[in-house]
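Note that the chains take the letters A, B, C, D, E and F in the order they are written out, and that residue 1 is the start of every chain.
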Amino acid sequence: MSRIDGRTPQQLRPVTIERGWSKHAEGSVLVSFGDTKVLCNASVTEGVPRWRKGSGEGWVTAEYAMLPRATNTRGDRESVKGRIGGRTHEISRLIGRSLRAVIDYKALGENTVVLDCDVLQADGGTRTAAITGAYVALADAIGWAQGRKLIKANRKPLTGTVSAVSVGIVDGTPLLDLRYEEDVRADTDMNVVCTGDGRFVEVQGTAEAEPFARDELNTLLDLAAGGCTELAELQRKALETVLER
Amino acid sequence: MSRIDGRTPQQLRPVTIERGWSKHAEGSVLVSFGDTKVLCNASVTEGVPRWRKGSGEGWVTAEYAMLPRATNTRGDRESVKGRIGGRTHEISRLIGRSLRAVIDYKALGENTVVLDCDVLQADGGTRTAAITGAYVALADAIGWAQGRKLIKANRKPLTGTVSAVSVGIVDGTPLLDLRYEEDVRADTDMNVVCTGDGRFVEVQGTAEAEPFARDELNTLLDLAAGGCTELAELQRKALETVLER
Amino acid sequence: MSRIDGRTPQQLRPVTIERGWSKHAEGSVLVSFGDTKVLCNASVTEGVPRWRKGSGEGWVTAEYAMLPRATNTRGDRESVKGRIGGRTHEISRLIGRSLRAVIDYKALGENTVVLDCDVLQADGGTRTAAITGAYVALADAIGWAQGRKLIKANRKPLTGTVSAVSVGIVDGTPLLDLRYEEDVRADTDMNVVCTGDGRFVEVQGTAEAEPFARDELNTLLDLAAGGCTELAELQRKALETVLER
Amino acid sequence: MSRIDGRTPQQLRPVTIERGWSKHAEGSVLVSFGDTKVLCNASVTEGVPRWRKGSGEGWVTAEYAMLPRATNTRGDRESVKGRIGGRTHEISRLIGRSLRAVIDYKALGENTVVLDCDVLQADGGTRTAAITGAYVALADAIGWAQGRKLIKANRKPLTGTVSAVSVGIVDGTPLLDLRYEEDVRADTDMNVVCTGDGRFVEVQGTAEAEPFARDELNTLLDLAAGGCTELAELQRKALETVLER
Amino acid sequence: MSRIDGRTPQQLRPVTIERGWSKHAEGSVLVSFGDTKVLCNASVTEGVPRWRKGSGEGWVTAEYAMLPRATNTRGDRESVKGRIGGRTHEISRLIGRSLRAVIDYKALGENTVVLDCDVLQADGGTRTAAITGAYVALADAIGWAQGRKLIKANRKPLTGTVSAVSVGIVDGTPLLDLRYEEDVRADTDMNVVCTGDGRFVEVQGTAEAEPFARDELNTLLDLAAGGCTELAELQRKALETVLER
Amino acid sequence: MSRIDGRTPQQLRPVTIERGWSKHAEGSVLVSFGDTKVLCNASVTEGVPRWRKGSGEGWVTAEYAMLPRATNTRGDRESVKGRIGGRTHEISRLIGRSLRAVIDYKALGENTVVLDCDVLQADGGTRTAAITGAYVALADAIGWAQGRKLIKANRKPLTGTVSAVSVGIVDGTPLLDLRYEEDVRADTDMNVVCTGDGRFVEVQGTAEAEPFARDELNTLLDLAAGGCTELAELQRKALETVLER
């Protein structure tokens, strides 16, 4: 099978990670997985939510949203509807959990980092692009906080790196990093979040049409693990240079 | 390691499935997994949501909620807060997807079944108990609709059975069907939804503390698949008898 | 006139009061008036709402709700609609006022008891069943709080008992404790809340069709007072035994 | 006991009923019970809510609200809070039910009348003033609709008149038509809605402090019935003159 | 061109300013511009919003709303809709800014004045009538606060007076103080807020149909400035007498 | 006075208008006024809102929003707060009115264009940048609709061009196109919307501190008119090239 855009089944789309996109945020990354573009802004504030005060530990959370016309047909704004939809809630929670998996709360101290992941243009895999970009924005925000002595320089609030990718079975073939057209045709759809050392943080597999067998699951996990290894390398390279502020 | 309630790691809690609990609903099941009790009511209505009209296909959806004092400390009512939380949204969507995995929409015809899963008492695993009980309520509702000729008698809207169970790694030991005390101590927490023929509908694994390695994931999947096989058998038995109405 | 279920006009439905229904709540009662089943959970917390702080006085409040399929046709969830309806508000307030009528706030001390009355199955008279059951749950919660020394043992926060019943005129005949089918056919519908010593806490009479004359009102009040006396006796009996925790 | 404003226990405050207050509404009454002033506007629209279409029957409903500074201390606007409170809901429903008690839906035809009762200044008894004034606005609106041939001239949509008054026991003395200062000191508070022929539409009695005995209830009902008779006469007089439009 | 009500183009409607309308509010003005009637209540509270605490400075804010039947056809209540519309927001903000333009926050001290402007009857120019009336209510509220020593007697929290008027171009003729029928036919519509000394606080001009040229803008500003001078004189006269409380 | 960024008082910031930014929207423009960046997406749908059906006329509307971290400190999401703020409402309405001033509804036919203006980075003048960019997106959307024959090729739905700029008085000097630092220091702040032929669509001037005199107003209007002329030329140039789709 040849893919719409000529990729091999185990090939990622072109991924770009642009740091310092916004001048205001402590960490700001515009991440693209092909035509999927997500702006990930990290905001650092001193202090933590009430339930965590006095613990000496920090907090990391995330909010995901799509611009109304990020997609092919316009969606109503959740602010206008007056409520956040289930999908938005679900993805915001996923991003937050994924990032917290590589955070040492003690080392972070009583500081909070909020990751805003706003999808400017969507073409499948927005949540996995968001996680991958948000990690880099988070790293920059922590660097900023250490520069400002909000976090002690000898502390390491990040215990590892984290990235994510989608996989799925389309017409019987397991594919890495689905575009929207592939995603809607997939029988099974899985989002996998891995640490840079190859362990799993989240595995979310859903049978869109047919339930999937154990060996299909195994193939998808292999494919995702490979993709995450590549993404971890791209994150490492993106963070090599010093960000001018 | 011995578990709080003396179970072996691969042992389910006592599971009961009480059909015909409410006199109003077309399918009504009170399911218990130990001290977790969920009332699953299935409501059948003729017709489908607007976006599906004229398709000749039916629809199945679910809403999950907890009574305010289902848990150890009282939670505020979502109706009073005026909005549904992310967790509630997430679980409602999971239950709906899980049930739709075994539905033949054409055979269902333009009918809608809504599954209300209300947790009366919680002790871990409420979403997996809800899925397991809701399947039985759904089966009863479909039987009712066939009795009323809403669905033709020779149609089979159910293409299989579906059940769910939680698994997790507590103090290094993989355990089946976590109670609340185990759940809070788990490093990794996974909810697995399987069809009666042993395939996967949903796999949702989350590293609560430490990311998990591939072999741990494999062990958990084995454990869950075994649990679901047992639950499928309990569902089959529960449905053996004719429900008096 | 013979009633649908063979009762005499002045006869209550079979009433059961099951204490200790939930393992989490400080007081937990499943009350049934025939097919009407309401779960009444009492939650005790130290402290009082802000406007009462420092007064040395406690607070008792209630929230009433129906499961979506407690009734013959499914009702939308108020949490999903994002607002509480007028009927729910009205009944929650009625239950709270009724219970506060037998509370000595000083003796309660700065503690709050919230009564959650969730209708699991409805067949008329849900608000009166809720009040009757909630009183017993409240009594158990206060007993619990005295056991924990939150309330001094020599204090008597309860100044009496309280129960409630509906009455109505159906086809010209005054009836006690209406079932749903009777309720919808009633010309006049009245809910009466009485203390155990036969005084009135609330009298709410509504002409559903024809306005009612003074002598009809008197007959209904007699009928209700008799019903409340019976209910007070059932509450007393239910509370005779020591609740194992 | 002498009352704050020198009234006898069974004396109403000065009541004024000013018709045609607003130039826009089909019926518009500014009613005062002493310092309590309520603007009651009746809006007629052809057609009925969806659930009533095709029935040939009309509908009457009401909405009650208070201006933020109708009271001694400013209350937050319910529009700003984003939700309607329980008290507002309760009173709106009471006004609607009270008016519908004297409506012949068939004679009204498929027309809807909405009564907006906005409290401009409050000094106790706002709901009873609202009912009393709304009846007059409703009568004017029906007259208007008959003038426009929306309702046939030979039909009588009003089957009677309706008015309301509050009564209560203050320091042991039963009083008619409580002012705010009396209301807050009342042990028992009752709102009674009567038809012009002396029958009851609503009786809502609440023990604010002490439960009340049957003979106290009887005394209060006598007092209220007398007040309603006077109010019915005032309504009749107010409607005697032809309203210039 | 002769206007509907016989006014000349540069003539205001009859304006009345009735102080002390409500007995509860610290300042209470019923202002009419012809058939437009707005009740402006000023509420004084000690203290300021959290973001201003400790500044030694006060705050003035406003809330505007219309009764549902203030207009020719009934509008839904914003409290029932659960959200405030854009127009309401916009006007509330405009009134607040206009009044703050003549406030010396230091002289006001840490006190808050809320101006509630509720339109009882609308016939064009409700926002400008509201500003004009609210200024008088504000002046009375400040007088009250000085009488109570909340504000020192030698302080002058008001640095000037403020009033507002609408102007517009109808059929090519610039008109002052538009009635509703004129407003809907206007090509250009402008609301102008001036201080008593003839300077501008707000200028809001909108081309409803045709964009407007600079000289038209100049003519409208002249017209508005003249109207505001007259209104300032009416405000001065209204405030001449001592308000009995 | 020299400005922070070295501009003369009557100089615009560097303005860029990037067409075709998003692949999904029918018109998509990323507009920058210096560091202010707004993504303006135009969505075309056949049909019009219900109140306009059958009129043969189209509709144009706009929604404005800011990303949470578009500003120096993070703002809460309006979707999370569950309501849209007054400022957002106000600006959305302004953008819509401004664009409709150059629309011939008849020529547009029964089509709707929604302009989503999302501020990605803010540095003052977001609403004026939004209007300026949205006009170009609207022009592209109309071109697209004519290419698809939704609008007849010989129709001219655009009757002119529209752009907007802010002006203000800072330390006594009138300045064009304020940056954020200038905006917060301005005594008077004005937003002016002009057509390409130099007429006014909206004039919104606000005295932030001191009321402003007529001659100051005149100077600001001159300055704004000059800025809009330049912007109109930039819009014209941006639209010169054919947009590849």
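The rule we apply is simple: a residue touches a chain if its C-beta (ideal position, glycine included) is under 8 Å from a C-beta of that chain, and two chains touch if they have at least 3 such contacts.
Molecules present, by chain and UniProt name: A, B, C, D, E, F = Ribonuclease PH.
Source: prediction; values computed, not measured.
By the document's definition of touch, chain C (Ribonuclease PH) and chain D (Ribonuclease PH) have no common neighbour. Counted as hops between touching chains, the shortest connection from chain C (Ribonuclease PH) to chain E (Ribonuclease PH) is 2. Sharing over half of its contact pairs with C-D by residue number, the repeated interface among A-F, D-E or A-B is A-B. Of all chains, the one whose Cα centroid sits at the greatest distance from that of chain E (Ribonuclease PH) is B.
Centres computed as Cα averages put chain E (Ribonuclease PH) at a distance of 29 Å from chain F (Ribonuclease PH). With centres taken as mean Cα positions, chain C (Ribonuclease PH) sits 33 Å from chain B (Ribonuclease PH).
Averaged C-alpha coordinates give centres for chain D (Ribonuclease PH) and chain F (Ribonuclease PH) that are 51 Å from one another.
Chain centres here are Cα means. That of chain B (Ribonuclease PH) falls 59 Å from that of chain E (Ribonuclease PH). Among all residues of chain A (Ribonuclease PH), those that touch two or more other chains are 82-84.
Every residue of chain C (Ribonuclease PH) that touches chain B (Ribonuclease PH) in the complex is listed here, in rising order: 22-25, 28, 35, 39, 41, 43, 45, 63, 65, 67-74, 77-84, 88, 114, 116, 118, 120-122. Listing the residues of chain C (Ribonuclease PH) that touch chain D (Ribonuclease PH) in their complex gives 83-87, 89-90, 92-93, 97, 101, 160, 190, 194-195, 197, 199-207, 210-214, 217, 221, 225.
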